[in-house]
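We call the chains A, B and C, going by the order they appear; numbering starts again at 1 in every chain.
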Amino acid sequence: MHDGGKATRVIGIRSAEQVLTKNMTTPDSAKDSLTSALNSNIIPNREYLLQGSVVDQYVEVLLHRLRGLCDNVDDGAETFYDHEMCFSLCMNSSGNPLVFPLRVRRALDAQDAPYQLRYIGQQELGDKNRPTIVRSSIDVACSASIVEFLQELGCRLDFEYTARGYMFRKGRMKITVSKICKCGGGNKPGENIELISQSYLVELSVLAPSGYDAIAEDMRVFAEQLKPLVHLEKIDYKRL
Amino acid sequence: MERDVEQLHAALNAVKILRSNVGYVFESVSNGLRADHGEDGKDAKFVTELQVLLTTVNNNLRDVENAVSNLTSPPGAFNLGNTTYLSQETTQERQALYGQLVNSYKWTDKIREYSAVAGHILQTNSISKTYKTFSMTKRRKTQTSIHNVPPDVIENHISAIDRLFTDMTITTSRPFVLNPIIQVSLGRVLKAIIAFKGLMIEWVVIKAHAESNDIWTESRYRVFQKVTENSHAAMCHFYAPTMPELGVRSFMHWLHSYITLFSSPCKKCANHLHSNLPPTWRDLRTLEPYHEECK
Amino acid sequence: MGVTVLQQFPIVEQRTGPSTIELLTKRIVALGATQQGQFLVDCETYSSVPQLGAQKTVHVLHNSEQPATVFSILETGSKTIPLITDGLFDLLMMKMSNFYQSKKQTKVESKGPRFEIGDFSVKLGSVAVSQNFKGILVEVEYRPCIVPAMCWDLIREFLQGFLGSSVSSTPPPYLQNKMQEVYTPNDTIQQYLEHFTVYRKSHFKM
């Protein structure tokens, strides 16, 4: 786990040096620096994910255990209340339907925070013994005009929901325990809340550049510590 | 001269005798009872010996005092004669004495000249912050101080000034107990951070809205640095210890004229820019914009 | 971010692009400016594939003044929607290449030296449409002021001081609607896009 972190940092520094020494007089165009960053593998564009759920009655015990294990709990756990909208851009090209999914997430409890645009790709089919789901993901912070932008771009709103819960961090891992609710549409997602289920969704995720598979092992070890309260496992979406 | 030397010798002698007798006293006290005091009546003999020694010391002290009173203190500085040269370097070439002497002479000369001119100029302007009463009768009565004013009086004044202009908003914070620091936002042009001491304006800093509210950091922009300097001049000009509210109010009027900092041209040269700065000076009476160089 | 105004500088027949930049550099340095490196503003255009329906274009611009930001402007026939995002948005556009394709021939950029004089920032840019030189675009920013209406005359006077009589007496068309609002970096980008569109169209004349 630590080795993985150090390796990224060293690689990150080296490629920054390369970028700096390349051209001191003219600034690099953004495209050039992006391609050089991609080539040196410092952009975190993969998500390693484990998911599980815990019934409402036992969520307090789980939070207690997480508070003991995790880093960011000085003044009580961090809470969040987010509203997520899922869009998809659909196109029919020569018989094959192409779908490009995009998610927009905004914080309802912090009005000044920027919106987050997320692209999540398909699960990487690889090794069956891999402990976690690995899928490509690109996270971009954006201004509030993103919703109108996506709608004019041709995206269609598939569904939306609100998530309210707690966020914990341990090293590079992020653990969220949240309750998903259906929201009243439009501009007032806080009203007309219907709970979807009697349990909390627990997710353990890490964002890293591709190739850092050692992290998956660390995630599995951490997940072991949360058993038998919650079983975090990789969920095969095709079987759902 | 000879008599003085004789008396000096006599006084020194007397001090010497006193010192040796005091030495004897301490010696006998520290030795305590000795063998030659004998067997019987040791204590009495010891005590008498001590008494004799102490009376001699007393007499010597009286002698010393008499001798010293006869001495006259030397007139003026001592003439050390040739002994002054003991503390000096023998080779003159190793010291840069001549060069240093010339420089320090020039320096002191210039200081005298400049301070004479400065004193002359400063005397013509009566911008002195100390308030002196020149009549004898009023000295008993306590002066109306503008520093020890109760905080709610200051609050009232500040809110009155706030209501004076619609495009000037004031927020107050009190980091130092009673004395308020107010932030004045003048439209979207600038913001001024003013520290008060009682009813008197003590310090002003002018910055752009985006900059911090810290009173100690200067603005990043040259135009606001110039306006800050000008506001210090205005602060001294509008200082009126007899009518402090009027002083603060006139200062605020003057500050409000800066709402046209970027939009109005200079009255004298009719240009917006002079050495890349807009007209940063507002005349203290007419409130008209002028460039730094045109005023 | 202060109020920024872009101004085209016409090139005289006898002179070439680089020599005009040299001339302007000499003028501005004579006024007391110091060079503070280089700047680069570039624009790439993506248009929607026909299967998506009506034609829509996305212009993706970068400004070296805000290096961690990507500005995008979506133009449908009727609406223009600006969007401001992090640097990874480029990667996302690359992933959407099935839906929005980039027209490499219309990549426009303006780059050149950047000067600072008093509270002004001056940038002398040579505009190139896919490596062909098209013209000179001068950008002047007056940093202390954030409302265009207050300092338009001041900036105009400054521009006249070293560009001469080619300065227009009315503010740029994009700014005219926004004179009383607080100025944002997005406004600078919109002005650049306006000028770049003009330069792209002049492609056919030359």
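Points worth noting:
Everything below uses one rule, namely that a contact is a pair of C-beta atoms (placed from the backbone, for glycine too) under 8 Å apart; a residue touches a chain by one contact, two chains touch by 3 or more.
Everything numeric in this text was worked out from a predicted model, so none of it was measured.
Path length between chain A and chain B in the touching-chain graph (shortest route): 2.
Interface comparison, B-C versus A-C: the higher count of C-beta contacts falls to A-C. Chain geometry summary: the mean Cα position of chain A and that of chain B are 63 Å apart.
Taking the mean of the C-alpha atoms as each chain's centre, chain B and chain C sit 57 Å apart.
Distance between chain centres (mean CA atoms), chain A to chain C: 35 Å.
By the touch rule above, chain A contacts chain C in their complex via residues 25-27, 29-31, 34, 38, 43, 45, 89, 91-93, 98, 100, 117, 119, 138-143, 145-146, 148-149, 152-154. Residues of chain C touching chain B in their complex: 31-32, 117-120, 142-147, 149-151, 153-154, 157-158, 161, 182.
Residues of chain C touching chain A in their complex: 37-40, 42, 44, 48-49, 51-53, 56, 58, 62, 64, 67, 70, 72, 74, 76, 79, 81-92, 95-96, 98-100, 109, 111.
Listed in rising order, the residues of chain B touching chain C in the complex are 188-190, 208-210, 221-224, 261-263, 265, 271-273, 275-278.
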